[in-house]
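Two complexes come next, and they have one chain in common, subunit A, joined by subunit B in the first and subunit C in the second.
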Partner chain A sequence: MPLLNTLARLEAVRSGRARPLATVRHRHLSGRPLVLVPLTTSGEAGAPLGALVGTDRHDPCLLVIPQPRDRDLRWEFLAELARQVMPYIDAYADDVEPAERTETDPETGKRVKVETELCVDAPQLIVPSRAGVEYVRLLGRSMRFRRTAEEDPENPYPVPTQVPLLGRWFTHLAERSRVPGSALLLSATELLARHWATGQSSVEDQHLGALLAWIAPPGGENGPGTGAEAALRAELARDRDGQLLVPPAGPATDPAFDNKLLAPAMARYDAARAADDRDAADRAGRTLRELVEGQLRPTWDAVWRSLDLLRALPAGERTGERWTRDRWSYTAHRDRVRAGEPPQPRRDDAVTAAQKLATRETEQVRLDAQEALDDPLVMAGRRLAGEAFAGEVTEVVMEWSESARPRPRPLVTVVTEDRPQLADGAAAKVFRSLDGRPQAAEFVRFEGAGGIVLRLLDKMGSGREPAPGTVPEKGDRLCWTLFEHDARGGPKLPDPEQTPWTHGGPPGSATAALPLPDPVTDGDIL
Partner chain B sequence: MTAFDPGAAAAQATAAILHDTLHGTDRGVVVDSPPGAGKSTLVVRAARELAAAGRRLMIVAQTNAQVDDLVLRLHEKDPGLKVGRLHSSEGDAYDPALRELPSVTLSAKPGDLTELPVTVSTAAKWAYVKDAEPWEHAIVDEAYQMRSDALLAVAGLFERALFVGDPGQLDPFSVVGAEQWAGLSYDPSASAVSTLLAHNPGLPQHRLPVSWRLPASAAPLVSRAFYPYSRFRSGTGPGERRLSYGVASDGSGPDRVLDEAAESGWGLLELPARHAPRTDPEAVAAVALVVRRALDRGAVTQDEHPGGPTPLTADRIAVGTAHRDQAAAVRTALAGLGVTGVTVDTANRLQGREYDLTVVLHPLSGRPDATAFHLETGRLCVLASRHRHACVIVARAGIAALLDDHPSTEPVQLGVTVKFPDGWEAMMSTWDFWSDHRIPWRP
Partner chain C sequence: MSSYPPSVPPQTTPQTTPLRQRLADLRGPAVPPRPLDARALAALAANPGCGRRALLDGAGVDKTALATALGSPSAFGQSQFAIVRGNSFEAKVKGDGGAELLRLVHEHLGAGAEPPGAAALVPDLTAAGPQGRAARTALALREATSAGAWTLLDHPMLALEVAGSPAYLEPDAVVVHPDGRWTVVEIKSFPMIDGGADPAKVGAAARQAAVYVLALENTAGKLPGAAVGHEVLLVCPKDFSNLPTAAPVDVRRERSVTRRQLERLTRVEELAALLPEDLCFDPARPAEELDRAVSAVPAAYAPECLAACELAFHCRQRARAADEVGALGRSLRAELGGLGTVGEALAAAAGAGPAEDPTAAALRQAARLRAEALALAPARTPSEDSACPC
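Let's look at the complex of A and B:
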């Protein structure tokens, strides 16, 4: 953990209130996000119990499965979820703008610009916590390979039309959420924890109620207690019946709720169904809906409160650029679905896995740089770590390169109190933001107390004299970074059909490692 | 039982490797090399023999420094051999000394080098070479430090390959999570060798049996702690390497630990137990003082090579740390003591390098916890195996208790080969051993 974040946590412990970790908002927030609060059934993987979903904080759609172990009811639930979510996701598909993309021409092998289209906005799904993101992934995995009656008339258990489609989109969103800085699928706890430091551990920060209590304790500044006390209450306080006052943000439920309330209600529902007593079953079903809603509603409100807190921060300058990448991601998946491509495979092949890893590493580097450039508080952490320095220009000496056409290479002396990780005799490049674009300089030497001599290398125009405004002047205050401001993508990998022998050859070839079914377990075919 | 002849054992291993490489039928040959076992020598020799056999050869190394070093070694052994050095288009990407070598062609364009018998570059640069006529043979150096995805990007360029590396050093890593692929044979964040062997389990695997770098005092510990299933020996016997000082000890902690290290090959300077920030000022000062005293006391080294004792100069001393900020703090402290020319770097950057005396800031010193990063086997292995004569470890007391409090908690992933020994075990066994060479800090 960076030293400044440790300090912020210590200050939070002392004051009982969360401390800011950022002065701007580092993730794009949609004007109309879709909030999804799912609950799952204990003891059975991938059996949803209920959900609140919707774009209107005052009018969520409540979905409840009265008996989650009944698979017919489960698929009805997922079909209803698809009816709620798919129109939202599809709503962004047709509003497009022209764009350009570089592609490798299959005939010449050259990189060429291709006219294409880009969706002007993209859907954004917000779940309460990290576990919620994993649950979206799990639901996607359980839905995307199912077949509808139209696709496979022979299938004895067809699913409603939009269910496999929702599975593919959930899978896409969950996969995209692994890309650092992406914003198609976000969790409220991670968003809050990125922007505020609390006095509790990062594991405890995954409790949305407790996290919110640290950041915005009930009653505000003049409330009855500190955030720390409120957080403890959110985590532990129970009513006379032993139920948590703040239900967990899910998808897991509280065992006391399961045992004392849910299990008896479900038993009544099962008994009514077994006795074919429709009225009793309806009554039991309504009770179950109320119970589940009671668990979901506080989390639903907490997610929207989190979004309020985050919207109060101004958006970081470069979040828009990252959102554009999300729009590309959305557009590309839209195209794959429209082209009738099969659902995402169970496992990535060697080339896809390597490509994804490369993308995520590039995006991580880009995110680290962009957050620092967008936010002086983040930059302060990098300065403290010796990865950047800020100071005043005390001297500028014009020099030129030695060549037939001399180019400006001015020497700039910056006096700083920071201690960047530069060493005399060791070549190093530093960068500053010049109208949003990075200008590079090389480190020349230390001079005097806190003086750092740099030689500017680029962005000074093409002439002998530097273009106006491109060379800093005496008295300017500048911040230089030892890291680059943008990240370069890696080399192009071979096509999957060209997977080399070291990696098992092309998928499906004799040498490729096929995941064989477990010979002992009957029916291990997934 | 006949006495172990290190030279003969090493020659026998090398002959078998070269035979499989030049005359074998398999597409790949894997060579495990413990620290200082002559890996570079093997690479140079294999390269020359492959070139002599008329096989167009590409060599893949991991860093520009390694590439430059290989080119220089090739030139030294065979000044007539035409070698291409493929470098990135940024001007300062290679050692300027290469420009002086007439047999070496430097270029940023692979097309300029395709006709040469040997072309050397980094994996990162090779990955940009497209549509080239495949090379008949490749040598992949430091293959255990190469990531699987980096091999994926270059493996289409060659027909067959010799993979050489040290399995005990640092595993490649990723700055983002890659758990979703754990257990897949081609996990892109795994090492190139593990992917290669998962898909080609029948490839011949060899091992270099002798460390020429490590002294007789160090090889048994490093072998036992880090290579329990592929033991190796030192090339020199007890007493063949000697470290001594012109000036007697002043009785201080640094002097006594230097004496202990000269005597036994290892010395542990133990500071009082305390939780400290990563750049623990006292530990950093102690490291710097040990280096300063080693130079002040006129240390001389004597080894198996003919010639008298050699003075131990600053460039033959290295300080190893776990973190970059620790290295920076040590550099500052050394500069404060007026010491220049000593290499101070992290384990990652010290890989493959060799010094006479090393001073190591123990990765767990002063820590309240033991994370997977600090427990990584390879990190400690690199730090403990850079020296030809002696190694001084600087640490705060309490590491054994810290280890007891932090058993390994890494999740077990299905399908992932468990690495032995795990970092915890290696930490514990080395700590046990070093405790016998413990000198309490006394300024």
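Let's look at the complex of A and C:
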């Protein structure tokens, strides 16, 4: 953990309240996000227990499976989830604006601009925690290979068309969430932990209730207890029957809830169904719905409170630029679905995997740079690490390049208390943001106490005299970075057909076929 | 009673009571020892620096009861759904005389041997008490190794000496290959989806299996022709079904870590020698007395303990009360070097730290930069509409 964040945690311990880690919001938040709070059955992969889903915080849709081990009920649940989520995802598909994209012309091999369209906005899914993101990935995997009656008339268990579609979208969102700075699928705990430091460890920060208690203790600023006490209560306090006062944010449930409340209610439901007693089954089903809702509702409210807290922060200037990348991602997947491409394979081929890794690395560099430029508090961390420095301009000496058409190359002396990782005799470039665009300078030498002499290299216009406002003046306070402001992509990767033998060779024709759905076996039901 | 070790050097204390008696005294005269299981042994390896855990586990103290008596009950519990699922999956894997399980072992670790057929042996391992079962298992292992046939040992009992007292361990299954090789089989109910499983869960399973491998190696060492495979077979449900699938897991690293930890557990003797004679962890004793007793043994709390140790909430409370930076995480503590408490670190940040300490200087610099950035923040125009401009 960077020392600056460590310091914030220490301050939080002392004050009993969370301390800011950011002065702006570093992720785009949709005006109309879809919140999904899933719960799963312990020990059973892909057997959901229930979920709250919706875009209206006052009116969530409650989905409950009274017997998660019953395959038919599970499939009903997934079909209903698809009915709830797919209209939201599809709602952004048709509102488009013209855009340009560079593509490699297959014949000439040149990079050419192609007219295309870009969705004006994109869906945003918010789950409570990191585990929730992984659950979305799991649900996506369990649904995307399912077959509809149309695709496979022989299939004894066909699903509505929207189920495999939701599977593909969930897979896409989960995959996109691994790209640093992306915002199509976010978790409340990660959002909060990015913007606030608590007086507990990052392990404990994964508990949404505890994390929120540090940031906004119940009772507000002047409430009775400290955040630390409230967090402890959220984490551990139980009622007389041994049930947690603040249920876990899921998808896993608390074992005490499973054993004392859920299991007996489920047994009653099973017994009523076995006895073919409709009324009793309905009653037991209603009890189960209430039980599951009781576990989901506090988390649902906590997610929305988290969003309120985050919305109170002004958006970082460059979050919009990153959201545009998310819109491209959404548009591209929309196109793949519309073009009738098969669902994402079980495993990526070598080229796709390498491409994904390269994208994540590039985006990480971009995110690190953009967050620092957007937020002085993040920049302070980079300055502490010697990757940036801020100071006052004490002298500007005009000089020109030695060529037929001399260009301005002024020497600027900046005095700083920071200790950037620059060394005399070593060539280094530094950058500052000039109206949002990076201006480069070259490190010349150290001078006196804290003085750094730089030579400006660009963005001063085309004439002999620099354009007004492009050269700093004495007394200006500037922040220079040793890192570039934009990320460069890595080397180009070969086409999948050109995969070298070291990476498994070109994909065989077998993988081109539609991936088979998971076989349905008797073993699915315990 | 002082919470500090007696100033008398340990060698001068009369060593009349052997270690076992000493540990029984620590546990409380009427309290039966809680047997060490593989999970506890594996967890020891997760936090080797913790003397408190080493001593309490070594003495067979019931930490769950102790934590409850201390007023910080542990939050461990298992959902009955998970238990039912685990048991039913294991039964399915071992059904039909273990045919499916043997097939999986042959498929993944068969090394060219004949596939196991109907001739595979499944010896009966029932016996009275853990000692009897361990002896029965040792006999079955010897017979199976000399028989040269595929043999499945269902829930064998293995003995491993830990800090001078035997611990009895019960793996899900051990398979003896025709060539005399023994393979530990670990059956877990978390799914393997598209050939991959949750790395945290696989890691825990590997640490647990490594303990079994260690215990088996002791037996195999006395038996010519026997060898223990360092690859264990992890059997999990495939994708979203209840059908078993398997993957070999190399546990050499976990095995050597655990072995080193277990060897170091002789420390229990030294730890015990440093404690006052009348110290006792009997959960029936009053809380204040237990609190003093527990405080007398040094702990190394880290947030990771919360997932592995029953006493973690108590240790966390103490670490927080003592202002220890370790309660905030291991990496954070490492970063702060010699500054062990939150108070010291904040004092250093305020400029009152030791002058020549580089950590203190860095903290001071960090505090200056943080204050400067936060002062700048309100000057920025907070946007009325927080939605993004796109």
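The criterion applied here is as follows: the second predicted complex is superposed on the first by the 508 of 526 C-alpha atoms of A that agree within 3 Å, B and C clash if a C-alpha of one lies under 4 Å from a C-alpha of the other, contacts with A are read in each partner's own complex, and residues count from 1 in each chain.
Assume contacts are C-beta pairs under 8 Å (C-beta built on N, C-alpha and C of every residue); 3 or more make two chains touch, one makes a residue touch a chain.
Since the model is a prediction, treat every value here as computed from it, not as a measurement.
After overlaying the two complexes on the shared chain, residue contacts for A:Cys61 are found with neither subunit B nor subunit C. When the shared chain is aligned, subunit C comes close enough to touch A:Glu44, but subunit B does not. In the superposed model, A:Gln200 makes contact with subunit C only, not with subunit B. Touch criterion met: A:Arg141 reaches subunit C, while subunit B stays clear of it. Subunit A is touched at more residues by one of its partners, and among subunit B and subunit C that partner is C. By the touch criterion defined above, A:Gln421 reaches subunit B but does not reach subunit C. Within the superposed three-chain model, A:Arg347 lies in touch with subunit B and with subunit C [touch as defined at top]. By the touch criterion defined above, A:Ala358 lies against subunit B but remains apart from subunit C after alignment on the C-alpha atoms of chain A.
Contacts of A:Pro314 after superposition: subunit C is touched, whereas subunit B is not reached.
Where the contact sets of subunit A with subunit B and with subunit C meet, they give residues 347.
Touching subunit B in their complex are the following residues of subunit A: 109, 178, 180, 347-351, 353-354, 356-358, 360-361, 364-365, 385-386, 421, 423, 427, 490-494, 498-505, 511, 513.
Across the complex, subunit A meets subunit C through its residues 1, 3-4, 6-11, 13-14, 20, 23-25, 28-29, 31, 41-46, 121, 138, 141-142, 199-204, 236, 253, 255-256, 258-259, 262-263, 311-315, 319-320, 323-324, 327, 346-347, 376-377, 379-381, 383-384, 417-419, 518-519, 521, 523-526. Residues of subunit B touching subunit A in their complex: 27-28, 92, 124, 127-128, 130-131, 148-149, 151-153, 155-156, 161, 174-178, 180-181, 184-189, 192, 195-196, 198-200, 324-325, 328, 331.
Subunit C makes touch with subunit A in their complex at residues 75, 77-86, 88, 92, 189-191, 193-195, 237, 239-243, 303-304, 306-307, 313, 323, 325, 327-329, 331-332, 335-336, 342, 345-346, 349, 362-363, 365-370, 372-374, 376-377, 380-383, 386-390.
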